[in-house]
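Some structures are shown below for you to check.
What follows is chain A paired twice: with chain B in the first complex and chain C in the second.
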Partner chain A sequence: MTQGVQVAGRRGTLQKMVRQRQLYMMLLPALASVAIFTYAPLFGWWMAFSDYKLGKPIFDAPWAGLKYFIEFFTDTAGAGHVILNTVVMNVSALVLGLVCALAFAIFLKEVRWKWFRRFVQSASFFPYFMSWVIIYAVIYALFSNDGAVNASLQSLGLIDKSINILGNPKTSWGLIITVDVWNILGYNSVMFIAAIAGIPDEQYEAARIDGATRFHEMWHVTLPNLIPTMIVLLILGSGSIFNSYLDQFFIFTNTLNISTMEVFDYYIYRFGLKLGNFSYATAVGVIKTLISLVLLVGVNWLSRKATDQSLF
Partner chain B sequence: MKKKISTFDVVNGLVMLLITITMIYPFWYVLCYSLSDMGLTGGSQLLLWPRGFSLDSYQVAFSNATIVHGFLISVARSVIGPFLMLVVSCMAAFALSKNDLIGIKWIRRFLFFSMYVSAGLLPGYILIRMLGLTGTFWVYVLPGVANVFNIVLIRAYIETLPAGLEESAMIDGATYATVFLRIVLPLCVPVIAAVTLYACVGQWNSYIDAQLYNYRNPELYPVQYILYNYIAVKAPTKEASAAAHGLITTAHSLRMSVTVITTLPILLVYPFLQKYFASGLLVGAIKA
Partner chain C sequence: MKNHRLLRMLALTLTVIMLIPTFATVANAQAGDEEYVIQLLVSSSQTHTRSDETSIGKYIKDKFNIVFEYLPVNDDSEKQSLMLATGDYPEIIRLEGGDMVQDYIDADAILCLDDYIASSTNFKTRYAEQIPYWRASSKDGKIYTWQRYVPSDLTNAPEILDIGTRTDILEQQAWPNLVSEDDWFNYLQKAMQDNPETNGQKTVGMVLPLAESWGPSLLTEFCEKGGETNDQGTNDAVVWNQVEQKWVPTWTLPAVVDSYRFFNRLYKAGILDPDCFTDTYDQVQEKINSGRALSVWYCTWMATSANATLVSNGNSNMQYINMPIRSNAQVKAGLKREIRVETTRPFDSYAITKNAKDPDRLFAFLDWALSDEGQILLQSGIEGKHYTIVDGKRTPTEEYINGVLTNPNYSSDEGFDLASFFGSCKQGDAQGIAFNLQAAPAYYDEIFLSDRQKEAYKNLGWSNSLSYWTDTSELAPTGLAATCILDPDSNEGKLDEKFKAWIAVAATKLVTADDFDATWAELNQEYEAMNVGTIVDKYNEILATNQEHYNQYVTTTP
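This part shows the complex of A and B:
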């Protein structure tokens, strides 16, 4: 009896799957593509645990254990400056970027003229849609040794020698953090502006009845309403504190500023593709991925405990 | 009730204007410089307006076969890439919106988990090599063909559509494919437009894939990569040949004009980009 029901059930499922065959066909390209381009490369992590040489089959490479992982942390030329550069630039850019976007959104809301508000917001994400090549081209035109800013300052007699910020180890961090905050301002502020639009008018009316000034409104009504958004964005961002855009650093890193400009992603590129040490560079990549994962889960847990805001 | 304009309004307005200027001026300067007459002296000082007016550097840029070819490669990847992505992503999104699909839970997990996984640069590089994609145009478009983020976005949109439409069509004997093509797809135009635009910009702005995989194939360089080479590696020394045609330009000015040419397509779609962006259509998915 039960067996009969089971067989009928199984046959029903099969029949249903046959009926839904078009849906499976529709999913197939996406599933195949994800399997090939996202999951299959995970097997490449084998390189980190073996002595791999480019051009040979991956799984023929002799086992090397944790040699390359240890090398990263013990080799004095390696870890230190890369970890420092990556963390300092990314944390500063993340926090400053969000704080600036928050302030920008709050003050933008106070602008009286709607057309002007629209105009400022439209302009604010212009740099975000530009490629890093174009951004560098523009910065180069303005700030290189013979760029516009140096030329103008010199002709005004304010400086004698041109100041080079693009190839100077002292200015790398400041340069990247400034560029990042500038680049991401519009993008980040969109989330805050959306959150502000969701604040019920009654809150402002109640504040006004209590005699609140505009500064009071901004501080006691708008700002507290944006804190949850801020926390979510911070959590999201903290997962990628060890990730940088290779597009960006490939172009900003040069032989002059590499000591303070080199980040994980560039380091991996340099050791893997320029120096041909695939095993070592892959090991660094695995380390980076694992730290990111631990960080994301950790911050998420902390945030759930402390504020009830979390991603998962 | 119209309130008086206070000091705060004025100061706030000025600060906002200043922010706007920092966003726009750097690009404006490049445009002015590229349009300036290089025959006039004055160095590379800050400009509010082109010094003189000359299209010479543009003429030199457009008579350069490398730049024109790079532009075409960029156009090709910005059309073919998003198109393939759309075909794959829309089909997947439609199938994923069917909750009674057998095994849907596992399929969803398989896809969503991939958003948080990345094997990294080098395993990806090895894979592309093993697939024989290095040195081909397809390396630009195939790896991004299933964009899970976009699939999620489109599926979320499909789920807001009234279910009755699909059901009645199915009762009338329509197949899933018919429902998808005739009913769902036409209703998804807003989300498709937004996703497409975004994908086009992403393709247009990419250059690192050319450096990684097509370094030895100059015929496949997109214009962004050509511009990168002009800035970071060496500026083109075309002054001599330009002078022969009576055109006056400099390496610096040529760089600026190529920058402008590369920016132009984004500028053209910018009103639409910022419309979709500000409307939160793309942002919505991050919260979801």
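This part shows the complex of A and C:
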């Protein structure tokens, strides 16, 4: 009887899939893309456990075990500052980015002129699409020793000597965090703006009836409704804490600021790809991925424990 | 229904449009076209997409039906690894360094040239001196690559790379004869005070592209200005002692310490451009082109190319000339300078890859290119257009001279050195005139220096633009030095990579240090902890091995 129900259940699922075949076909390209570009390359992790030589088939490489993983962790001079820089800059950019986007979305909601609100929202999204080369060119023009900022400050007599923001290890973290927050503000705020649009009007009406001012509405209605969105974005972002835009750090890193600017991805590029040491680069990449996975699961669990909300 | 039909028609139309170029390409290939198009990776500053867009390229196409298609790249060295990993390399490839060459050999990606060389006409005679060195440094004694800018002889003026400086500043200070680091410091300091701005922009005292991967090695160049060493190998932990014919540590060489100290002095005085640590090649070139830079360290070819721009911008009095520099200690010691003459140059190696469609045809073309006729065409140009024969000797035409002096893109536009794999040999013809007319001592000054530059050297009291160096230097062929290649997978190889990463940062710390001696002492402790002596020993061990191999091959015919 049970088996009959199971067979009937399976037939039902199959029939449902056939009825919804167009939906599944629409899903196919995305699944294929994920399979080809995200999961298929995982076979390349073999390089991390073998002595891969350039130009030879990957699976012909002799077994090396955990040699390259151990090499990374014993190279404390290389690993220490890389991990610190990556974590500090990415965590700060993540938290600050979300907080700024939240505030931006909330304040934008309060703008009465529709056309101005739309213009600001569109303009805030623009930096997300800019190439890092263009961004650096703008920042160089502004903040280099001969840039507009230094020239203005010197002409106003506020400083005697130009401030080397692009080459100062003390300003690296601040520079990258600021640029990242500016870059991602529009993108993150879209999530919050969408969430705000989904807040029922009745809540605001009820608040107004109770005598709430606009600030009270913001604090007691808008903000609490955005917390779930914030948590989801935080959990998703925590999985990317060890990921950085290589092109961003490739351009911003120089010999003056490398001690505080070098991140994981740039380290992998320098000591892996540039030197043709693909096995070592892959091993470091695997370490990065595993740590990111642990972080993602951990933050998700913490969120479930603390707020009863989680991604999975 | 109507919408579905429209949608289907649109999808079909788009598919057909996308497929048309594919069929066209296949059709063209199947037509049996004999034109041989070879894709070459070139610098991103290349202005043409095909070689037959230039006059020399058209000549090659008419004669051989061979055309080069240029694929600009920014970082050649990184691409070489990636290309090898994917198997997607062009037919002819440039390989930087012996370790990259070995990777390609191990992957069976490049052809062994021994059979080709044995039956060649010009390759074996052109490279008769180099072939035993190449065999000596090869693991199996076979030849897989050839190299650019070798061989060299006295028909070519030696390459001197000291400091390029603006002639108007020299004139301002009554044509001082600058040699020592003190001379230069005082000169640049005064120049900065007298010229705070140039054409409305802030003047910078000295520029150099330290943001480039090879940039930090420029900070050690005092090692070649006078004494027993030259700058063979200063990207690494070792430098070549020409007199003792052995490798010595770079970091502890007195000339290198003096070099860092000199730049520290310039930095603290505000003479060294504070943006030099973040400036790339193009950014430095822009500063020189505009005349903002009073001087450029080592990269005097950038100053040479800027001169044409300065002339065209109406600033011909700002043109740069090359002048010498030595450390104070070197001036005091008065030793001859060892001018490096490269016997081999693994940094610029070329190979025919397994992806070559017609390697026989490629090698035959290369063999022709290495003949006198080929080298003259590729380096001097076309007779009647770029040079004429006067009293049996090649003489540059007015068109060529004007082009070189006034148009910064002239060489590229005409197709000179349209493909770097032709060798660009630094030799001359039977009449003793260099293949590259710009390098011929007979024409070097009289024709290729502008009036302003000639005036400057005359006012300095020099008999010609190279007289200081010819009086105080001797030529130093590198011999086996460049054949010493460290295995990157060895302990010494890995340590060498760590050292390179360390010294780039250490050099920057020294140059920007408030207290140079304290910073040096601190960094020296880090250096000693690394035990870099093992690298030096390994290099000398490789040198001894290569010497043994060389002795075996030197009498062997190619």
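Operating definition for what follows: the second predicted complex is superposed on the first by the 268 of 312 C-alpha atoms of A that agree within 3 Å, B and C clash if a C-alpha of one lies under 4 Å from a C-alpha of the other, contacts with A are read in each partner's own complex, and residues count from 1 in each chain.
One rule holds in what follows: contacts are C-beta pairs under 8 Å (C-beta built on N, C-alpha and C of every residue); 3 or more make two chains touch, one makes a residue touch a chain.
Predicted model, so just to flag it, every value in this text is computed and none were measured.
Visitor: Once the structures are superposed on A, label A:227 by its partner contacts, choosing first (chain B), second (chain C), both or neither.
Guide: Neither chain B nor chain C is touched by A:227.
Visitor: Is A:270 in contact with chain B, with chain C, with both, or with neither (first, second, both, neither)?
Guide: second
Visitor: Using the touch definition from the top, say if A:130 reaches chain B (first), chain C (second), both or neither.
Guide: It touches chain B, and chain C stays clear.
Visitor: Should A:99 be classified as contacting the first partner (chain B), the second (chain C), both, or neither?
Guide: Touch status of A:99: no partner.
Visitor: Identify the partner contact of A:66: answer first if only chain B is touched, second if only chain C is, both if each is, neither if none is.
Guide: After superposition on chain A, A:66 lies in contact with neither partner.
Visitor: Look at the residues of chain A and decide whether chain B or chain C touches more of them.
Guide: Of chain B and chain C, the partner in contact with more residues of chain A is B.
Visitor: Quick check for you: in the superposed arrangement, does A:53 touch first (chain B), second (chain C), both or neither?
Guide: A:53 contacts chain C only, not chain B.
Visitor: Between chain B and chain C, whom does A:145 touch in the aligned arrangement: first, second, both, or neither?
Guide: Touch status of A:145: second partner only.
Visitor: On the A-aligned overlay, A:256 touches which partner chain: chain B = first, chain C = second, or both, or neither?
Guide: Only chain C is touched by A:256; chain B is not.
Visitor: Is A:278 touching anything from chain B or chain C once the two structures are fitted on A? First, second, both or neither.
Guide: So A:278 meets both chain B and chain C here.
Visitor: Under the contact rule defined above, give the chain A residues that sit at the interface with chain B and also at the interface with chain C.
Guide: On chain A, the overlap between the chain B and chain C contacts is residues 54, 140, 146, 254, 273, 278.
Visitor: So in the complex, which bits of chain B are touching chain A?
Guide: 5, 8-9, 12-13, 15-17, 19-20, 22-24, 26-27, 29-30, 33, 43-47, 87-89, 91-92, 94-96, 98, 100-102, 107, 110-111, 114, 117-127, 131, 142-143, 145-146, 148, 151, 175-177, 180, 201, 204-208, 211-212, 224-225, 227-228, 231-232, 252, 255-256, 259, 262-263, 266, 270, 273-274, 277-278, 280, 283, 286-287
Visitor: Which residues of chain A touch chain B in the complex?
Guide: Of all residues in chain A, those touching chain B are 13, 16-17, 20, 22-24, 26-27, 29-31, 33-34, 36-45, 47, 54, 58, 104, 107-108, 110-113, 116, 119-127, 129-134, 136-142, 146-149, 151-152, 155, 182, 185-186, 190-191, 193-194, 214, 232, 236, 246-247, 250-251, 254, 265, 268-269, 272-273, 278, 281-282, 285-286, 288-289.
Visitor: For the complex, which residues does chain A have touching chain C?
Guide: 53-56, 78, 140, 144-146, 161-162, 164, 166-167, 254-256, 258-259, 270-271, 273-278
Visitor: What part of chain C is in contact with chain A in the complex they form?
Guide: Going through chain C, the ones touching chain A are 77-78, 81-82, 84-85, 87, 100, 103-104, 106-109, 201-202, 210-211, 215-216, 270, 273-275, 277-278, 488, 497-498, 501, 504-505, 507-508, 512.
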